[in-house]
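Labels for the chains are A, B, C and D, by order of writing; each one numbers its residues from 1.
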Amino acid sequence: MKKNISQGDNVLLYLNPRRTYLVKMEKGKSLHTHRGYVQYDSLIGKPYGTCITSNTGTEFIALAPALRDYIFKAQRNTQILYPKDIALIVMFSGIGPGSKVVEAGTGAGALTTALAYYVRPRGKVYSYEIRQEFIQNAEKNLEKANLAKYVTIKNGDVTVAIDETNVDAVILDLATPWLVVPQACSALKGGGAIVSFSPTIDQVIKMVEALKANGFADVQTIECLMRGMQIELGKTRPETLMTAHTGYITFARKSAGK
Amino acid sequence: MKKNISQGDNVLLYLNPRRTYLVKMEKGKSLHTHRGYVQYDSLIGKPYGTCITSNTGTEFIALAPALRDYIFKAQRNTQILYPKDIALIVMFSGIGPGSKVVEAGTGAGALTTALAYYVRPRGKVYSYEIRQEFIQNAEKNLEKANLAKYVTIKNGDVTVAIDETNVDAVILDLATPWLVVPQACSALKGGGAIVSFSPTIDQVIKMVEALKANGFADVQTIECLMRGMQIELGKTRPETLMTAHTGYITFARKSAGK
Amino acid sequence: MKKNISQGDNVLLYLNPRRTYLVKMEKGKSLHTHRGYVQYDSLIGKPYGTCITSNTGTEFIALAPALRDYIFKAQRNTQILYPKDIALIVMFSGIGPGSKVVEAGTGAGALTTALAYYVRPRGKVYSYEIRQEFIQNAEKNLEKANLAKYVTIKNGDVTVAIDETNVDAVILDLATPWLVVPQACSALKGGGAIVSFSPTIDQVIKMVEALKANGFADVQTIECLMRGMQIELGKTRPETLMTAHTGYITFARKSAGK
Amino acid sequence: MKKNISQGDNVLLYLNPRRTYLVKMEKGKSLHTHRGYVQYDSLIGKPYGTCITSNTGTEFIALAPALRDYIFKAQRNTQILYPKDIALIVMFSGIGPGSKVVEAGTGAGALTTALAYYVRPRGKVYSYEIRQEFIQNAEKNLEKANLAKYVTIKNGDVTVAIDETNVDAVILDLATPWLVVPQACSALKGGGAIVSFSPTIDQVIKMVEALKANGFADVQTIECLMRGMQIELGKTRPETLMTAHTGYITFARKSAGK
């Protein structure tokens, strides 16, 4: 992370937890909100974290966007994964700097963005998307996050073939992940990780059966629930309305035979 | 991840989800279990993922250890964080390749291991531990995971001082995190992340007050619950006994003032 | 429950889980909805459970209202307790037929309705409400559910005095329940139950301290989370949005001393 | 509830939340525990709630057993339902004083005990159990709770026939509840409630399909999670280990046709 804001930087203008704006610093331009406008010229050169006051007197904080900001602010043309689920997918798959990863489908590129972020600087993400019309949007989201160079998006169908071999992890966010298990098995190196995200229990049952039939080991399925807490002396409590179920995450590791 | 097992590699010998063994490949040596012994000579040179049969006929799978294996297999002399919580700490702090991170306390080095894993190859973790006797064990766990070079462990008290400046994130797993907030504020670059893990709600309330008093923005507290699922046609159900509460995670970002 | 619908009965006209209408059967009258109107004359004399078609061809089912229908359909001028919480309060307090119960505050009478339902036919609920303007509405809700005769609503302040003695249970849904503990202790018979519902953890901590200071035994606090499931072959999953936290329930039993 | 302890009464001797003893007061007898013995003669005639000291100086509190004590202390030869689930079954079925209820199977009689408790004094529970050897134990548990007269236990198979008609509710805790849906439909009065408890999602899917195929309305499935809280100033937190999933509860109401 850099210390000072430069021309061309993406900046997250923070008003409150529900109102944040991901904008690109361009000389002479400004952000217009219901709380007044903020001129970028008065931010360029200042350190990240600076408070700036709009013309109507409201304070905004100029933050360097974090990974989850890029995820939440991605231009969406389809349902995207939640950070809580992305976090567990990354942790349980073992994806990190240098990993070679296959992902399908690309969708809006939210998970792709996270994968690219963690495999830097020498790893690579191969992301498959069958719907041509989604690819351009995903690429734009990756470029915005400065992560496009770690990703190759392919217009292809992983239920037919995965081109890559010897990959560290295959990550699936598809309606029928069980159809991809044999292809994933060929693509993965021995001991490599397969991870699948599915909203329904019916999908999970089919996926787990396919994984076992293809000799995968250490098959586990989990659900992650994240509760927000309201912390304030005298009013501390969990939040009432909660995004509870988003999907189940299934993990397994490739067994290479005897 | 490498393709074949070599002399000197760490290998995870997998029997079932509850029985795994993290061992170092040494010629002439073997693993002895209640299900017979496995000779390492018969694994060296084979691809990861290979199935090997013990002398009594039980199958083990030889896997490349993933990050969470190193975490779970760490030698513990104190309570360690769960992977579910580590995953969210990493995601919400924005820590990734290249990050400069301060952590306290080191404890058994479980979280340190994860932080070092993600900041590779050019980032750095500065981990503070006040109890001298914990440091050697944590160093051993980091060496086992080949991550020691990304970490500097310091025998020091972060409630007194943090030496580093311009850091991307400060991660606290301490009994009294609120005492560290001013030091963390000095150490962080503008917009940098502070994250604190605490088991009790009383700690969270004090921490959130200290963060607000020190001008931190975007203060949020969450609890992560991970449910294991038993997936088997005709017997599918969430697990009965669940590790529910481990702790609350509080996040905030440094605001640098006007 | 009666078998056939009579003039004067309350009937629940069920369209779907989100659209139900609690109406009183009166000759010559009808229910008007966005899906057409239903004439009561065509229902009177028919068995409960009958399907009836509106003038526009939509089917409604005429059900005998259950306790939870009266609770959900209560005229509300304040927040009411959820059936999940009422269910646990009733179970853990031991309230049942014949119980003598003190409740405060009455509010809209939702919990009062449930308590009255279970203490029938020989028990009694004494419900205290400090806000005079709430009492009439609560009485109307109780009359609608035919349960008014099991309840005495009193315009009084339980932090000052509870008139009854030798009661089986005291149930509190108040902002400051800890102020009522000494009065509840005097009102309860030895071994009697006190139950308190509070949204915030701060209230719970004060209540538990007051209970222990007043010698109550078996003090327990729980939170009840109810997840709705979407059950449909191929689409089975927990619901996404969930009413998670409503409040904590604290139970204790009076210890009478040596 | 009575005020004073008499010869022949059941008394709950409370040591702490994990150690309670349900005993019958008999002159000249005593309870022997690892914390010394308590003589019943010194309790008879005293008020409920009395503290009594064992010969070794440990205090016990003599409480009138509540419904949940009878449930927890039931002699078990099979898995019993948890109070949290019983509470929701009772609330959502609308069972209360005067209800006519069919239950299957009886098992150890834990749910039977609760149903009998709530239908008093004029309702009735018909409880079917196919395994003759379970019936005697269940009857003993009901007698201990003084509720036997509200229950008729039948050695019969509800998948073959339910003898009763015009019942208010049918409650099923069986491995194959879907086989009982037609019989339940015949037994229920129009608008009557059917409730089924099942541990697995596979059972729930079959049950919901059977309910819809038999014309039941308002079909809902829920899961109840109860979190225990540790409340202590400075140490307040949810409990770590939690009994999470016990089973799903499915509710529906009989529609009587047009």
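Here, a residue touches a chain if its C-beta (ideal position, glycine included) is under 8 Å from a C-beta of that chain, and two chains touch if they have at least 3 such contacts.
Quantities reported herein were computed from a predicted structural model and do not represent experimental measurements.
Undergrad: So which chains are sitting against chain C and chain D at once?
TA: none
Undergrad: I'd like the Å distance between the centres of chain B and chain C, where a centre is the mean of that chain's Cα atoms.
TA: Centre separation, chain B to chain C: 47 Å.
Undergrad: From the C-alpha centre of chain A to that of chain B, how far is it in Å?
TA: 21
Undergrad: Suppose each chain is reduced to the average of its Cα coordinates; what separation in Å results between chain B and chain D?
TA: Roughly 44 Å separates the two chain centres.
Undergrad: Among all residues of chain A, which ones touch two or more of the remaining chains?
TA: Only 201, 223, 227, 233, 236, 238 qualify.
Undergrad: Graph of touching chains, which shape: line, ring, star, complete, other?
TA: Per interface graph, the chains form a ring.
Undergrad: Throw together a list of every chain pair that touches.
TA: Result of the pairwise touch check is A-B, A-C, B-D, C-D.
Undergrad: If we count contacts the way the header does, which residues on chain B are in touch with chain D in the complex?
TA: 199-202, 223, 227, 233-246
Undergrad: Help me check something: in the complex, which residues belonging to chain B touch chain A?
TA: For this pair, the touching residues of chain B are 1, 3, 14, 17, 47-53, 61-64, 66-68, 83-84, 86-88, 90-94, 96-99, 114, 117-118, 120-122, 166, 168, 189-193, 201, 204-205, 208-209, 217-229, 231-233, 236, 238, 248, 250, 253-258.
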